[in-house]
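By letter and in written order, the chains are A, B and C; residue numbering begins at 1 in each of them.
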């Protein structure tokens, strides 16, 4: 079932084919087609309730699809469990920080690194002896700016620190495809700016899908923008094209796309 | 893999003197305990404590480290006991050769086997459902124990003799003291092993599963597999404890797999403190003291235990271990002296409540059980008449007064405690800024 | 045949009793997310309260007052203890109800003793509700009340067997069905029922709309306990009132997991199934060994697994609910009518 070499080279990092999701009789996602190329940065925008988080939940395996297929690097992942998808190279962050509350920052990151370094369910080696794991965690701490808070339990961090750790847990395992769900939610202007730079640094060379409301972030970060309205993708194009698209303007009542955000950061 | 050198992240790792000291002290204590407390009752209790420590630590692997509440863990220690007793009898009959000192390992393997068998179904679910499943399986095994007397020995249980085979270096395990030292060795090794487990990848991921089982899946781990493995390891150590119990008591009856025992594990591990590694050790010691001594002191000991448990959950959910650690922290910042007064007042008020409640409870028991002796009785030296309203009124009055005093003192204490905590926070920030 | 019918009725009445208990448990769980480990203890309290109250105000008034009293005890516990623990999570909540079950058991033993108390049914409930008569050639007849002695035994040249169905058991079934109906009406037809149903899934929203959700929680917990108390009253007067009554607890939890945690219809189905499972096999004295031998095998005391195979169905009856629990967990983990957790 492996695709031919030529096809594999062209396989999108993430591909959604006619994906649909319904809860009971309510259809949240309908007929979504999306192909994200490796290394691309895609932002998913849309009005509240459009189904953006649901889409992420479908891709990352938290929910199962009602219809359609999802492919990761050419391989089908719909119907798979979250850990199976993660092991194949996809990691996601959460809109509401989903951390290991009683563990310290260091331990949080270490947990996120362990599987990717092949240590699996080992109970015959000591954590303190795992050089590769501990070095990687030190790197991450520096990248995230959390070195001074390494022994603080996650639940005692400030909001911004928690969001940083949230991203840290997502990228720690070295996944090639990163999904960030509203990473800058609830942050001030200055914090957002710093954060966007952090996101750029940690996701360098990887495929990024991010759900965002902040248009400044979107236009500064994304190669392409997908617009999700009522569970359907109504546009998927470069930022300039999307800005000019009349359907998108109609969906947003034109208000968001005009104004200062349009000038980028 | 990375181009960076490991030396770039040099950590000053001195020998952890504190840890070596603690473990040596632990070993030393177990070594000399029977020499400090020499009565045969003490030796019996010390032996039981050694066994209890192993099983309580094993239980906490599920509760404190994994967040899994089990109402049926006695199944694994109990089945370990049963397999150990059958093995020992086979050794005595000459059907099998195994040194007596290795019989507990048979118990451990039995615990491991049954945990593997039953654990697969049990760990399919988490949280409340998991608790209910353990309850159901506990009931299942207990009921089966009554239906299969060939294996479980029926009403009388199965007896055995631990003095079998050739004595090795004069050790026949006949005298209690020899059994104690065998238990002590197992206890030390198992405790060290379970502590080591907390510092392994599986141990840490188990903690992560406790804190956020959903997120664990998103960093690549199968939550159910983690729980299942922990369940099996916990069952192994519980089985070892069961095997040691077989050697110690030389009899195994159906109650070793019963709900009361499972409940005792839960109660005392929680009381000792599930959030710290040493909490269950405290709980295990308390368990033996309560079962052996407290039950002799008053017939209402189970009621007192239940009430203490309920109040612990409400006011100190981290157990005694957390209380110790919190006060240790206060002491390290030099502010314990301020709280001593409030602590003494609390203890005094609690004592008053206890006297009043105790008088009423003892009068009730007296009415029920000693009717032939008439209504008069003595409580802590004071004469009481169980049929006389004055006695009841007096006891109730004492209890209510005690409760009111306690509440007053508690509020004052809480105020002082919060003050101290705030000061400590300020101090910590100050030190961080240095 | 008559014996089978009576057994069937016994099984259904057992199932209805289980439903009285599991419905309250499911309501509390759906609403508050806490599994009330002390539910069987409140059941036991109901019987004891009714026993004591009957001596003072007679059975029928006690039937009304005892469940109310139990409900009050439950509501007070919710308000002063459970609520405080709510913020620590579900495990401490389960633990505190476990502790409560412990304390209630000890208090009951303290006040009323460890032996059964003589809780006798009132005159209206004594005697049989009806008698089933079966003649030697298979004809079936039903007589309300006790059949006159002349109709049983040898009647002419027919051998007639009479089996009685006690009035107390009939009473249990009537009360259970009435309670079911009242519950259903309350939840679907009244305003408070609507609030409860809403608070079941959207507690904060209901609170934002001005309803006192903590008070609703307290009421629901109290009501759930009162239902358990009612079950205790009818069961205590029908069978026996003693501290081991509370041992029905694990069976109730098995019932709700089998039916599907959080589902009221599931609790009903689970209750009936488990009720039948515990009652019908009691008359079957055959074992797996008998079955295999009937099919030609030669299983005897020397065969392997003999201790397991020789267990008769009637001996195994108390274990069957838990066996079913294990089977359900393997093949249908969300229970018979449970909703899949997403």
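As a convention for this text, a residue touches a chain if its C-beta (ideal position, glycine included) is under 8 Å from a C-beta of that chain, and two chains touch if they have at least 3 such contacts.
In this text the structure is predicted, and so the values were computed from the model without any measurement.
A centroid comparison over C-alpha atoms places A as the chain most distant from chain C.
The chain closest to the protein's centre is B, with centres computed as averages of CA atoms.
Averaged Cα coordinates give chain B a centre that lies 33 Å from the centre of chain C. Centre-to-centre spacing of chain A and chain B amounts to 44 Å, using the average Cα coordinate of each chain. Separating the CA-averaged centres of chain A and chain C is a span of 50 Å. Here chain B touches chain A in the complex through residues 1-2, 4, 6, 9, 196-197, 199-205, 207-208, 210-212, 214-223, 225-226, 229, 233, 432, going by the rule given at the top.
The touching residues of chain A, when paired with chain B in their complex, are 60, 81-83, 86-87, 91-92, 94, 98-103, 107, 110-112, 114-116, 119-128, 130-132, 134-136, 138-139, 148, 169, 172-173. Looking at the complex, you find that chain B touches chain C at residues 67, 69, 71, 121, 124-125, 127-129, 131-133, 135-140, 143-144, 147-151, 259, 263, 266-267, 270, 300, 302-303, 305-307, 309-310, 313-314, 317, 361, 364-365, 368. Those residues of chain C lying in contact with chain B across their complex are 29, 35, 81, 84-85, 88, 90-92, 94-96, 98-100, 102-103, 106-107, 110-111, 113, 250, 253-254, 256-257, 261, 307-308, 311, 315-316, 318-319, 321-323, 325-326, 329-330, 333.
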